[in-house]
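In the two complexes that follow, chain A is the common piece, with chain B as its partner first and chain C second.
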Partner chain A sequence: MLINILNGLVYGGLLYILAVGLVLIFGLRRVVNFAHGSLFMVGGYVAFAVAAVSNFWLALVAAIVVLAVLGVILDRFVFRPLQHEDPIATVLVTFGLLLVLEDVVKTIWGKDFLSLAAPPLLAGTVSIAGETFPVYRLMVIAVAVLVALGLSLWLRFSRIGLYVRASSVDPVTTGMQGVDTDRVSAAVVAIGAGLAGLSGTIAAPLMALSPSMGSFILIDSFIVVVVGGLGSFTGAFIAALVIGQVHNFGIVYIPWAASMIPFLLMVAVLIWRPTGLAGGRA
Partner chain B sequence: MQTLWTRRATLAAAAVLATAGSVAAQEVIRIGVPTALTGTYADLGDQARRAVVFAVEEANAKGGVAGRKVEARFLDTEAKPDLARRQAEKLALEGFKLLTGTVASGEGLAMGPMLQRWDAIYVSTINKANQITGAACQPRMFRVNRLDASDGAVVTPWLAQRKEAKWAIMAADIAWGRDSGASFIKSAQANKRTIVSENYSPFGTNDFAPYIQKIKDSGAQGLWVALAGRDAINFATQARQFGLFDAVFTAGVSFVTDNTVKTLGEASKGIWGIINYSSTLDTPENKKFVADWAKKYPGTEPTNFEGETYIGMQVILQAVAKANSVKPADVAKALAGTTFDTILGKQLMRKEDHQLVGPNFFGNVGEKDGKLKPIITMSVPAETATPAPDPACKLPG
Partner chain C sequence: MTDIAAAPSRSRNVGFPAVLAVLGAAGCALPFLVQSPLLLTLMTQATINAVLATGVGFLLRQNGTVSFGHAAFFGLAAYATALLIKFGLPAELAIVLAVVLPTLLALLLGVVIVRITGVAFSMLTLAVAQAFHELFLKWRELANGDDGMAIAFPAKVFGLDIAIFQQPASMFLVCWLALVGVILGLWLLARSRFGTLTLAIRENEERARYIGYRTVLPRAIIYAISAAVCALGGLLFALYNGFVSPGTLHWSLSGEALIMAIIGGPRLIWGPALGGVIFFFIKNAAGDFTDHWPAVIGITLILVTVLLPRGVGGLLVWLGRRAGGGRGE
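For the complex of A and B:
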């Protein structure tokens, strides 16, 4: 039982780190970033390349930095011009971006599946309630908790956090008050993309690296974002936890319906609480 | 994704054409390959593609097949049945009517009933579901690779030697995975073993932790795995982290293959599995194939799926030569009931169910020439390895 809860936390944690990046970018730029899954994938590959010449921890840092820089570039040349366009245009452009990134990765690393080993320090198992549990998975939970704590402190107490919250409620008025919303957005997209790099790296020792790995997890993170409420940080956190547990216990107790449950949950939220679990608070 | 692939596949086909040079002005043999170029089974689809490209170049280098040049065209199916049906139809309409190379059984099953309407044939080289040459058999559908029942025929005697009494199943929730699970249950019943946990994961699963925990909790001593491609790697990586392979004896099908072993490394060592083809098989034809393969793709040996797809190409091209025609109807006639020269020796394409009668093997992942790979420990001859035709298959004539 306890192990199942922990397993739910691991998958939920991974989804949270990815989904909160989506929420950040949507909040500021009103862009539904379909390329987010491919940023996650690029993060995994960058980590793989760096880990091959150094170690996992450097790879982790490198993936975050490279993706954050990529985020700034994307914000300037893709998201900023797109924010006033029709939503369908942003969907098409970010989807196109996904294809481009997948092809770039295919060209560099090929189509074979790659695998990144967990750092030796975390490669073992611990005994929890008489069961063996991989240490690495505990680390994933810890990282998710740190990200959640860090983000909420940053948003609540820092000046730029205040700007972010203000801009995501009303970018025009915030701009009139003298906040440079473009600079705020660049920072926020950098963080969102950096988090995608982080989640790609910590996912790499759990699952095969492949150019299309982003699309396997993107749907789950969109479910998290919708269930939590578009643009809601707290909502994303709660939804990721719920989806993680539901996914796990579904497979354990009602396997024939397990893959349906997250979707049913999303449908239920859309019908009865369309603003999401967190009730539309941004 | 499709358009990108279409473009790329056209380029690949053009490249194949360019290397082919000019061959006599006979009608070209057009091989249509709808296969998984992206997605969970991209790695298997890529193997099918490499084998077809190899066979096409080899045939053209020899001046073609009975004076006919060979050409291949590839389209992405993502291993999804509905997409496979559309892509195959597109290929057939463009004149690439000799189809082969899909990965998932569902793809073959989706194409089967359409073949006559498209005036095409389909030769399975990777689809394992029994129905392909069983209840869902078709006059225009053939299979050269080993079916699930054939894997069962190998597993049953192997299981008899194992001491584990309680077994769990971990398979993909698609036609093949379900079929393989059912086949293993039959083998288990024949050996009076009990199945304590049956798990079918959705195609393209990220997190296998709940399944792994269920298998651990079930008290299983043995585990049968029918997962392939990305699913196989995700499951093996996570199961190893949970220490599952140390606690439970593990074997499977399409699980530890040449390619997954390459990715998994040490994590795959000691895992048992069905081996449908191995580059180490000691026939003169296979040795020549492996040597030629290394010239075309330096530093590699043909994998199981590459070997099987190459057999498919051998069979198709020999049938074209025998029919002296590229018309699908003539090729189909030349395929049924004919014995072909393959890299595994002479093999008969049964006319009753269109299944090629071939041997099957079992083994485990170990080190050979300093490299980890599946090594054959048990060979089952063709007569026993390919069960008699399923009476559910009723082909005219």
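For the complex of A and C:
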């Protein structure tokens, strides 16, 4: 039972890291990046390529850096030019990017499943309540907690965090106060994409790498973001915890209907609170 | 604000049924002119795709929301046909229910999810499609999972030989007439009081509410109607192929339908159908030359969204207006 809860925390942690990137980008740009799952997937593959010539830890850093750079490019050439258009345009363009990125990865690394080994340092297992549990999975939970902690401190105490919070309440007024929202946005999208790279890398030893690995988790992270209340960090955190648990519970006890549970939960939450748990701006 | 799904002008619509009738009749002549069975097969598949795209496009036009999940209704209709016949219902009843059940489901679901607007709505629709895809993929006892299931049609359906629905030449006629009928029906609906009300809600929901209209139900009804059109497409698919697999529910099919609608121009009722036909023939041509089909459509989608937000249909209307000095079709 405890093991199941821990496994739920692992998936919830991955979802949180991915979803919080979506929330950050939404706060600044008022758009949702449909290519976010692809960034997760690209992160996993970059890590795979770097790990092949060095080690896991360098691969992790490389994936975050490469994805952060990709994020800056994405902001400069997609989100910024389209910021005065209908958000639907950005959705469609990022959806197009999703198709392109998957195809690029398929061309470079092929369609077959690849695997990235967990670092030797974390390869063992520990005994929890009489059952064994991989140390690596505990590390994933720890990373998610650190990300949550780091982000909330950053948002609360740093100057740029202040700008981010201000922009997510009202980008226009924030701009009028002299904040360069384009620069803040480039930083924020870089962080969001970098987190997707982080999530993709630490997920890689847990699941097989494939060009379509991003789409499944993208959909779950969308559920997290909407259930949490679009644009809410706290909401995303709570929703990721809950969805991680029910997802894992479903897979263990009713595998044939596992995908329906997060979905039905989402419908139930939306009947109860149409703007999500945090009840923010939907 | 909504460039992609901007309000239509009313004057342009005069004479639309006449043009549609001419096109409908012209299409009916095609099976007699085209001899190649391969081309006829492609035309039939393209027309089924066009029905699907029309459903997705209608939602975008009337509600201003983008669905990434309408393959769910397409696939559910196909699965409903297969399963209801398997459970022993008469094929005629199964066929009717195959459209009715997904439509009712969409109405129920619509009441919940149309309250979410904009980008969040698109995210939810993706989750809808994925949930059903996974259900049919994993619940092997029900529907054979990834292997899909053959549909045990009887020899005659509605007094017609089942072969009529499975041979390209005759099935093209059925699909073509269905497409023309759907477009005409949606055109009439869009012009009706209800149609203009939903456009008003799309433009400004708050204002529509302040002048005393309920706004959730009309949006949910539009959602259900667009689902019904996609379900009809799924039914045609099931009749034609006699087989259904989880691929019919996958979000990538929803994505393709959306891309068809965008290429064709969703501000026009007939735009998505045009997009569906264009898409299908590009896909077939590109498939012969490149393995990078997803990248080709991805780039096409980006270019059309950025450079041609009103789609090929919008371009045709513009060219027609220029050539005809005002009136165009």
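Operating definition for what follows: the second predicted complex is superposed on the first by the 271 of 282 C-alpha atoms of A that agree within 3 Å, B and C clash if a C-alpha of one lies under 4 Å from a C-alpha of the other, contacts with A are read in each partner's own complex, and residues count from 1 in each chain.
Please note the rule applied: a residue touches a chain if its C-beta (ideal position, glycine included) is under 8 Å from a C-beta of that chain, and two chains touch if they have at least 3 such contacts.
Treat the numbers as computed from the prediction; the structure is a model and nothing was measured.
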Checklist entry - With both structures lined up on chain A, is it a clash or a fit for chain B and chain C? => result clash
Next on the checklist: Applying the document's definition of touch, where does A:N7 land relative to chain B and chain C: first, second, both, or neither?
Outcome noted: first
Checklist entry - For A:L58, is the partner it touches chain B (first), chain C (second), both, or none of the two (neither)? => result neither
Next on the checklist: Under the stated touch criterion, which partner chain does A:S259 make contact with: chain B (first), chain C (second), both, or neither?
Outcome noted: both
Checklist entry - After superposition on the shared chain, which partner residues are touched by A:I217: those of chain B (first), chain C (second), both, or neither? => result first
Next on the checklist: On the A-aligned overlay, A:H247 touches which partner chain: chain B = first, chain C = second, or both, or neither?
Outcome noted: first
Item to check | Contacts of A:F113 with chain B and chain C, given as first, second, both or neither | outcome: first
Next on the checklist: With both complexes superposed on chain A, which partner does A:I271 reach: first (chain B), second (chain C), both or neither?
Outcome noted: second
Checklist entry - So, A:I128: does it touch chain B (first), chain C (second), both, or neither? => result neither
Checklist entry - Touching A:R137 in the superposition: chain B (first), chain C (second), both, neither? => result first
Item to check | chain C region in steric overlap with chain B, selected from 7-15, 115-123, 241-249 or 259-267 | outcome: 241-249
Item to check | chain B/chain C common contact set on chain A | outcome: 99, 102-103, 216, 255, 259
Next on the checklist: Touching residues of chain A toward chain C in the complex: what are they?
Outcome noted: 26, 31-32, 34, 82, 85-89, 91-93, 95-100, 102-104, 107, 215-216, 218-219, 222-223, 225-226, 230, 255-260, 262-263, 266-267, 270-271, 274, 282
Item to check | Interfacial residue positions of chain B with respect to chain A in the complex | outcome: 1, 4, 38-40, 42-43, 46, 199-200, 202, 204, 206-207, 209-211, 213-214, 216, 229-230, 233-234, 237-238, 241-243, 259-260, 262-265
Checklist entry - Which residues of chain A touch chain B in their complex? => result 3-4, 7, 10-11, 14, 99, 102-103, 111-115, 118, 123, 125, 131-134, 136-137, 203, 205-208, 210-213, 216-217, 220, 247-249, 251-252, 255, 259
Next on the checklist: Which stretch or stretches of chain C touch chain A in the complex?
Outcome noted: 1-5, 64, 66, 68, 109, 112-113, 115-120, 122-124, 126-128, 130-131, 133-135, 138-141, 251, 255, 258, 262, 292-295, 297-302, 305-306, 309
